[in-house]
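This is the structure I have questions about; it appears just below.
Letters A, B, C and D mark the chains as written, and numbering starts fresh at 1 in each.
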Amino acid sequence: MQDLKDTQSELDTRQMPIDRVGVKGLKYPIVVRDKAHRSQATVATVALAVDLPQEYKGTHMSRFVEALQEEKGRLDVHSAVVLPGKLLSRLNAQRAHVEIEFPFFRSKKAPVTGMVGMMDYEARFMIDACAGRKVDFMLTIRVPVTTLCPCSKAMSEHGAHNQRGIVTYSVRFKGEAVWIEDLIDLVESGASCPVYSLLKRPDEKWVTDHAYNNPVFVEDLVRNIAIRTENHDVFSWYRVEAENFESIHNHQAYAMIERNLARETV
Amino acid sequence: MQDLKDTQSELDTRQMPIDRVGVKGLKYPIVVRDKAHRSQATVATVALAVDLPQEYKGTHMSRFVEALQEEKGRLDVHSAVVLPGKLLSRLNAQRAHVEIEFPFFRSKKAPVTGMVGMMDYEARFMIDACAGRKVDFMLTIRVPVTTLCPCSKAMSEHGAHNQRGIVTYSVRFKGEAVWIEDLIDLVESGASCPVYSLLKRPDEKWVTDHAYNNPVFVEDLVRNIAIRTENHDVFSWYRVEAENFESIHNHQAYAMIERNLARETV
Amino acid sequence: MQDLKDTQSELDTRQMPIDRVGVKGLKYPIVVRDKAHRSQATVATVALAVDLPQEYKGTHMSRFVEALQEEKGRLDVHSAVVLPGKLLSRLNAQRAHVEIEFPFFRSKKAPVTGMVGMMDYEARFMIDACAGRKVDFMLTIRVPVTTLCPCSKAMSEHGAHNQRGIVTYSVRFKGEAVWIEDLIDLVESGASCPVYSLLKRPDEKWVTDHAYNNPVFVEDLVRNIAIRTENHDVFSWYRVEAENFESIHNHQAYAMIERNLARETV
Amino acid sequence: MQDLKDTQSELDTRQMPIDRVGVKGLKYPIVVRDKAHRSQATVATVALAVDLPQEYKGTHMSRFVEALQEEKGRLDVHSAVVLPGKLLSRLNAQRAHVEIEFPFFRSKKAPVTGMVGMMDYEARFMIDACAGRKVDFMLTIRVPVTTLCPCSKAMSEHGAHNQRGIVTYSVRFKGEAVWIEDLIDLVESGASCPVYSLLKRPDEKWVTDHAYNNPVFVEDLVRNIAIRTENHDVFSWYRVEAENFESIHNHQAYAMIERNLARETV
C-alpha cells in the first residue's frame, strides 16, 4: 500500500492558506446527557473542519471520520468540547471547528391532566478550538412556542390570532454549561404559552386561556428572553431570534437581539 | 462525431421494461396564464419521463431537455398538456409523464382597507400521456389558510387557538380546466379565514373576528372543500388534504378525502 | 372536567366520510432491531391516521399521541405492524394508516483496509390496517450508491463521469419481512459501487477501479435491482426508483420500475 | 377606524432595544438585470428588517410589505441597494437589513455542439443600511460545478471519482457591482469542469475529458477561486465555500476561505 501516491501531502506553492477544510453532513447515532434520565440516544448531523496552512495541497479527509468514530457516539457537552482539540493534534492544525446538531427529547406533562408526552427540540453544539487558547463553545436550541398577538387581542371582539413560533436561542457560558432543559424552560417562559405533544381537553382549555392572558409580539418574545438571560450571571454572550409563522399571513414575523455580556471580548 | 459510441441504443437482453425514465429537478423560467393579467412570469421545477421498452439499454436524456427548451418557457395549462405528446414522438415511447411545479402569484385586496398585497401559492401540473389515449391532466394547488379550533373556542373563556394550515388540493376535470384563481377561492372559502400578505389594523381586526366566527377542525376544512367541489359539475376526481401547523403542538393535524366523480373510471 | 364540551363527538350531517384523519410530523426516539447488534436507537418521524365515518364531526387527536406514547419507543418491524390495529380499537375506526421514517445505521468495513465507519440509510415503514383484513406492510429504504456512466466511459480518453445516486426501494413481503441490511446489500449490488463513510487511500483506489469496471446507467441500476428482487421468492410487490445527481448537470437522471409479483392482487 | 388601538406604538419600559425586527419568507415575482437579455423575470424570497429602539413596543410589520409592494418587482442590484434606505425613513429606524434570494438563469452553450440549454444558479443580495453611512452590499451566488479527485486519479488504473460540487461565493465590491454572469464565469473557471443542462454525446465526451485533465480537491477549488478573486481589483471582501457531494461517500467534503481585501475595514 505504501506506493499509493499521497497527493494531499504534496507541496502547494500558491500561498493561499485555507480557513476551514473538512467534512459536512455526516449522520451519526449519539448519546447525550439528560437531566431526567442521565442520558438519551439520538441522531446527530456532524461537521468537522480544521485550517490548512498554505504549504499543504490538501487535508486528510478520512481522519475526521476516524476521529468521530473513536468517540463511539458519546457526544454530550463534555466530550464534545474536547473533540476539536483532538482534531488539532490528529491533523496538525492550528484551528478546529466542530458542529453537532441533533433532536433533543424531553418528557413533558400536560398542564392540567399531567399526562406525559414526548417533546422534541433541535440542539446544536458549535465548538472552535485554537492552539494555545480557550475553547469557544456555543450552544443553540430551537424551541417551538405559542404566540398570541397583543394588537389583534386589543382590537377584536373575541380572541386574537395566534400561531406557532420558533425561537432560536444561542448562548456562550462564563463557566460551566447549563442543562439544555433549563434553557428550554427559560425560552418557554418568555412566550404566550409552551407547546405540548399531548393535551387532553382540560389541558387544551388551559393553554388557550393561558395564551390569551399572555399576549406577546415577536418583539416581546425576544425581549422577554433577553431580559431573563441577562438576569442570570452564567452567560457571556447570547443571541435570541424568533420567527412567528403568522396564522394570518403566508410569511413570518421576525425579531433578533444579540449581546455580549462579558467584560472582555469572548 | 459519428463514431462516438451510442451505448444507450444498444440491445438489452434482460427482458425488463422500465416504467419511467427521464430527468428531474430541472429549473426553468416559465410564463403561465393568469385571470387578471393574462400572463405572469414564474419559475418552474420540471420532471419529464417516458417508458422504455425492454429491448433498449437506455433513453436519450438530452432529448428531454431539448423538448423543454423548445417550449421557450410558455408552459401554461394549454401548452403543458401537449408536452407529453411531443415526448412520445421524440423518444419513440408509449407513455410519457410530465410534472411542472411553480409558485403562482395573485394580487389580493385586504378585506377592509382594500390595500393590495401579492400572495403566493404553489401550483403543480401532472400530465400523463399514453399513445392512442386521452391525456390525463391533474392540477394541484397548495393554499395557506387560517384555521380556528371549534373545540378550543367552545371550552375557553376567550378566544381559541388558531394557526396557519396548508391545503393541498388536486383535481381532474371533466372537460376544460378551470382557472387556478377559482380553485384558490374554492379552497379559501372552506377555511376559518383566508390569509393575506398585507393587512392594516382594521383588516387585522376583521380577519381575527372572521376566523373566530368560522371555526373549523381540520376535518371540517376538508369536508367543506369536498362539498364545494362536488357541487360543481366540472371535476371528474379530487383529493383534498389539509395540514394544520397547530399553534399548541409541535406536530400537524391532518385530514384527507379523495373521490372519483366520473361515471366511468378515469 | 366533565362539563368541557366534546365538540368532536357532535353529530355531523354533511354525509361526507373522511378517508384519513390524524397527526403528522411527530418526532419520537425509537429502538429498531438490527442484524449485528440486536437493536439500535434512532429517531423517527411518525404519521398516524384513521378513517372517520360521516356521522362524526371530528376524531380525538390526542389518542394518536397516547397510542404512540404507549409503545415506549419500541417500533421495529414486528411492533410497528400491530400499531394500526391498536388505532382501530382505540379510535373505533375501520381503517388505520401508519408511517414511521427513521435513519438506520450500519457499521461498514472499507473494502481493502477493513476500517469501520458508520453508514446511514433512510428507512420507512408504511402500514395499513383494515378491520377484518390482513395488514398491508410496505418497507422502503433509501440507499446512496456510486454510479458511473457507461456512455461517458465508452467515448472518453480516460475515466467517465460518475456521481452519487440515491435508490428508493420499496417492497412488500409474501410472508416474513427480511432484514433491512439484506435489502441494502441487494440494492448496493446493483450499482457501480457502494458508498462508504470511511475510506483510506487503498480503499479509495479500490472503489474508483471497481466503479470504472461496473458502469451503470440509471436504467441499468433499476433493472439490476428489479432482477435481483424477482430472483428472490419473498416479495409480493416492489418499486425501485433511482435518482443520479449527475456530476455534469444541475439536474437528476431518474428511472423507476414497479411490479406486482403476487398471484392475487395485494 | 381611528379608534383601533395602536398597541405597537405604546411605550416600552424594559430598556431593551432590538437589533432586527421585520418579516421573513415573503415570496415575490421580480425582474433582475441580465447581461444577455437586459432583464429576466424570476421569483424572490425576501426578508426585510430594521432595528427598534428600546422605547417602542413594536414595529409596524405591514409597512415592510408596503415598501416591497412599491418596488413593483423591479429589484436588480441598483434598485435593491436603495431599498433599505427607504425602510429607514418609512419606519423611523437607524439600521435596516434586506435579503433577496432568487434563481438566476443563463443560456449556456454546450462546449462542442454549441446547443443551448438554460442553467439556473441561486443568487442573493444582502444589504445593510445605517443612517448616515455607506450602504453595505454583499452579493452571493451558488454555482454547481464538476470536481474530479486528484488523489483518486493518481492512484487508480482508469478514471477518478468525480461529483457535483456547489460553490457558495460571496463578494463585496470596492465600487460598482460586477455582473452576476462574470462571477459565475470566475467560479466555474476554478473547477474541474462547468456543468451544463444540455449536452449531446460529443459534449459529454468533452466534459469527461476536460474534468479528467483538470482534477481539483475541494481545497484546490476554493484556492483557485480565491486567487482569481484577488487578481481583480474590484472586490473589497470575499468568502468562497465549496461542498463536494462525494460520489464515494454519503457526506460532503467542505472548504472555505474568507478575506478582507480593503485597506480600511468594511
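The criterion applied here is as follows: contacts are C-beta pairs under 8 Å (C-beta built on N, C-alpha and C of every residue); 3 or more make two chains touch, one makes a residue touch a chain.
Owing to the predicted nature of the structure, the values given are computational and were not obtained by experimental measurement.
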item: Contact distance in steps, from chain B to chain D; value: 1
item: Averaged-CA centre spacing for the pair chain C and chain A, given as whole angstrom; value: 29
item: Separation of mean Cα positions, chain D and chain A [Å, integer]; value: 25
item: Separation of chain C from chain D, taking each centre as the mean of its C-alpha atoms, in whole Å; value: 35
item: Residues of chain D whose C-beta touches two or more other chains; value: 4, 6, 26-27, 120, 151, 155, 197, 199, 201, 205, 250-251
item: Category of the chain touch graph - line, ring, star, complete, other; value: complete
item: In the complex, chain D residues that touch chain C; value: 119-120, 144, 146-149, 151-153, 155-164, 193, 195-197, 199, 201, 204-205, 207-209, 211-212, 245-251
item: Parts of chain D lying in touch with chain A, wherever the complex brings them together; value: 4-8, 12, 14, 16-27, 47, 49, 52, 57-59, 61, 150-151, 154-155, 217-220, 222-223, 226-227, 243, 250-258
item: Chain C - residues contacting chain A, complex; value: 1, 4, 6, 26-29, 40-43, 62, 65-66, 69, 103, 105, 112, 115-118, 120, 197-202, 205
